[in-house]
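Structures for review follow.
Both complexes below contain chain A, partnered by chain B and then by chain C.
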Partner chain A sequence: MILLQTIDLSKQFGDVHACDRVNFTVNKGEFLSLVGSNGAGKTSLVNLISGHLAPDSGRILFEGTDVTFARIHERIRAGIARSFQIVNLFDVLTVFDNVALSIFSRERKIVKIAALADLDRDVRREALDVLSQFGLAAKSAVPAGGLAQGERKLLDVALAYALRPKLLFLDEPTSGVSTREKTQIMDTVSSVVRAGAVTAVIIEHDMDVVFRYSDRIVMMHEGKFLADGTPQEIRANKNVANILLGAPLSA
Partner chain B sequence: MSILIIQILNSLFYASVLFLIAAGLSLIFGVMRIVNMAHGSFYAVGAFVTAWLVGRAIALGVPAGWTFLLIPVGAAVVALLGIVIEPLLRPFYRRAEEYQLLVTFGLLLILEDVMHLLWGGLPLSADPVMDALPIMRIGGLVYPAYNLVVIGVGVVAALLLWAVIYRTKFGVMLRATSQDRRMASALGLNVGLVYVSAFAIGCFMAGLGGAIIVPTQTAVLGMGIDALILAFVVVVIGGLGSLQGALVGALIVSFVRTAGIQFFPEIELAVLYLIAAVVLLVKPTGLFGTA
Partner chain C sequence: MAADVSRVSYRPKLLLFAAATLVLVLLALLPLYIGLYQTQLLTYGLIAAIAALGFNLLLGYTGLLSFGHSAFFGIGAYSVAFLLRDAGIRSMELYILIGLPIVALVSALLGYICVRHTRIFFGILTLALSQVVWTLAYKFFWLTGGSDGLRVARPDLLAGMFTFTGGGAFQRFISAYYYYVLAVFAICVAVMWVIVHSPFGKALQAIRDNETRAAFLGLRIRRFRWVAFLISGTMTGLAGILWVPLNGLTTPEVLYWTFSGEIVFMTLLGGFRNFTGPIVGGPLFTYLKTYAVATTEYWQLLLGVVLVLLVMLLPTGIVGALSVATAKLWPKEKSA
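For the complex of A and B:
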């Protein structure tokens, strides 16, 4: 069942085609990896879908509804959330408050904003539950600015997850961490999103991570889709190998 | 001894009013990152509106004791004014500071002219509010009980503001938006609502400062500019954007000023500016500022 579909989605920066008539589909429940070299258009595609960029042309359908020109918070309410390549946490807030903030913003109930934050039992229970799932419950009272890099990456994903998305985009969730931490982060993220029946799309450069965790892999190159298939099919695709090794494409 | 107690009470009275103005200024800067030159004018509008309302109420035969209720009404009118003005300032939040200073200075001039237009050039008084409370005796000296009410309002305002910022959901949103409005927006937070709410609270505090002081002095044109200058001294010392800084800065300015009036009246303001200059040299972010 198709959850998200883009139809001829295009975005150009000067002479550069960040996305060139991209037709992208994400099926419900899958764990999909979006790969490609730097500048291939992966982050631009996610920015277009999450509402951080406006397309030049094309359409975005989410659960059959056109969200091409919906605002960011409308897309979040529809069920599209994302994390960022560069971790953006609220360092002055505690780990708990960072997650609670996601829950508040999801509620968007003006009448409730004057309520005492730490006395809202539902929010407290949910925030601690999310932190437990990401292995961060013990750090809930620590300011986010005091977390180690791997923990910051996990909290960044937890913020997006707390928005209760149907479709979660993760932009390089393991960049800038050690190989050992990569496995821990991906094991955690993968188990949480699968347990929560959340459809996930990750942008990732580490092909070991991509092949290990993905149900499907889509490769982008110069704003277009170059390959789309299971990990086995992508492994066997010579063009993918050539791109990853920097060799010219075969005809 | 009685004189010392009265001087301490005078300092606390003055600190309460200064805190109300400076905390509003700091709150608006902390969230919107805009130094609002018109902030003193909101204080003046609070004073004028309250004095005018008190005058009308007394003329209509309302008992003086009931006119206390017009103090929060005066502050609420300023908050409403803030709700109208904030969206007009929003395009300038991302502009360079010189644009923000020019625009808010222009707003200051407009508000001063509007006050002139509405209430003329003559001072307005709200004496009946103060006269409704008794005069106390401290030792052999007299002291108006109303001043204690002002001190109490300052303490309650500080506690309430602290609770709003550090304990409520809105406070979490406020602090998050203050740190990174782009990320707050990316999380789906209604940043516009946070902006207008923070601006309205800041204006309410300034308006409350004006409303609460006008029974002890008259509302006059230019009072907002005097208040703005002192509020700047407070936030320079305490740190712009810091609630604790506004509180400590207001206390320092008030106690130094009270001592100055008593012991060195000729250079009272110069000493305050000197303290602000020293803080700027030693700790440019102020005692509690972080950036």
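For the complex of A and C:
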């Protein structure tokens, strides 16, 4: 069942086609990897779908509803959430408050002005539960700015996950961390996302990570889709190998 | 080991409540030991604290530096003067009940324009709009009395239970008004404390720290900023309503941008990154300015030097510096 579909989605920056008539589908329940070299248009595509950028042309359908020009908060209410390549947290607030904010927002309690935030037992319970799933419960009272890079990456994902999205975009959740931490982060993220039955699209450069965790892989090159298939199919695709090795494409 | 955040700890709140009650009792007892002039000065200080408290919701918690809060203070003051002159109202409670919606309305309108921008553009817009209000007050002589301003008589307090006429009226007014302002001050502190610790207050801090991420949590950034502006302007306007009966006169001077600068100054003096900073900064600035004016004709220079030293040596303000020193001396584990 198709959860998300883009139809001829395009975005141009000057002469550069970040996305060139992209037709992209995400099926419900899958763990999809979006790969490609730097500048291929992966993050631009996620920015267009999440509402960070407005497209020049094309449409975005989410569960059959046109969200092409929906505002960011409307897309989040619809069920689209994302994490960021460069960690985007509220560094002064505690780890707990970071996640609690997501839950307050999702529950539409964020506008409450005459109630103390830390007395909401339901939010406290759920925030701690989310932090436990991401292995961050022990750091709940620490300011987010005081976390190690790997933990910050996990918290960044946890913030998006706490919105209980139907579709979660993860923009390079393992960038800037050690190889050992990469596995830890991906094991955690993958198990939480699959347990929560959340559809996930991950942008990733590390092909070991991509092949290990993905149900489907889509490759982008110069704003266009180059390949789409299972890990086995992608592994056998010569064009993918050539792009990743910097060799010319075959005819 | 981290604190167990799944359970709500009431102990810190009870301790805070006990400390606040103690400070309130001390403030209530102070007039018994200080003279009438000092009581009057302290009343001005508490009013300044209310203005700074309101202002700091924008600066400290939302990250927006307004140079136009004199407009709200002045509109509060002028609304009292109009109510007395044009409607013959002498009740302080009616001044507050009618004046607050007026200030709230103006705050809502100016806020709607200003929060469309941030950083320097926001500051310049607030400055420009407050100067428009100042110009109107200055030029519309037939309405506002121009540079002469409008006189305000001593109001009745608590629905006429306390009136101030005849011999010794001034002394009785100063004594009674101090407690009136102290009560309003206590309410304002409690209200603001709840606001900044509410989900809404946490959202403001999130927007201040990372606007992009806050948007991707589903927060409607401009709307939150607008509500913060509205509350901030209204509380500063309340300070203006309380100030004018004590001063006995309102002039366009309280609408001028330099008065906005004084509100910024008192907030920086106490510290804008903590809740108690403006509460301390308001009275402290009142005393500093009063004694600077009494000491030298170059009092502006003296205040300027203090401001420069403050920014260079105590960028987190007096309360901020004390907090850092206390944390170094008695480190404690932070709780959520």
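Just so we're on the same page, the second predicted complex is superposed on the first by the 247 of 251 C-alpha atoms of A that agree within 3 Å, B and C clash if a C-alpha of one lies under 4 Å from a C-alpha of the other, contacts with A are read in each partner's own complex, and residues count from 1 in each chain.
Following the convention adopted for this analysis, a residue touches a chain if its C-beta (ideal position, glycine included) is under 8 Å from a C-beta of that chain, and two chains touch if they have at least 3 such contacts.
Just so we're clear, the structure is a prediction, and the values are computed from it rather than from any experiment.
In this overlay on chain A, chain B clashes with chain C. Once the two complexes are overlaid on the shared chain, A:100 sits against chain B and chain C alike. Once the two complexes are laid over each other on the shared chain, residue contacts for A:76 go to chain B and to chain C alike.
Shared-chain residue A:31: touches no atom of chain B or chain C.
Once the two structures are superposed, chain B and chain C can be ranked by residues of chain A touched, with C on top. In the superposed model, A:139 lies in contact with chain C only, and not with chain B. When the shared chain is aligned, chain B and chain C each come close enough to touch A:84. Judged by the touch definition given at the top, the superposed model places A:125 against chain C, while chain B stays out of reach.
Common to the chain B and chain C contact sets on chain A are residues 52, 72-73, 76-77, 82, 84, 88-93, 97, 100-102, 104-106, 110, 112-118, 120, 159, 163.
Within the complex formed with chain A, the chain C residues making contact are 1-3, 5-6, 8, 194-195, 197-203, 205-206, 209-210, 212-220, 227, 333-336. Interface of chain A with chain C (complex): residues 50, 52, 72-73, 76-77, 81-82, 84, 88-94, 96-97, 100-102, 104-106, 109-121, 124-125, 127-128, 137-143, 159-160, 163.
Contact residues of chain A toward chain B in the complex are 52, 72-73, 76-77, 82, 84, 88-93, 97, 100-102, 104-106, 108, 110, 112-118, 120, 123, 159, 163.
Residues 164, 167-173, 175-176, 178-180, 182-190, 193, 197 of chain B are the ones touching chain A in the complex.
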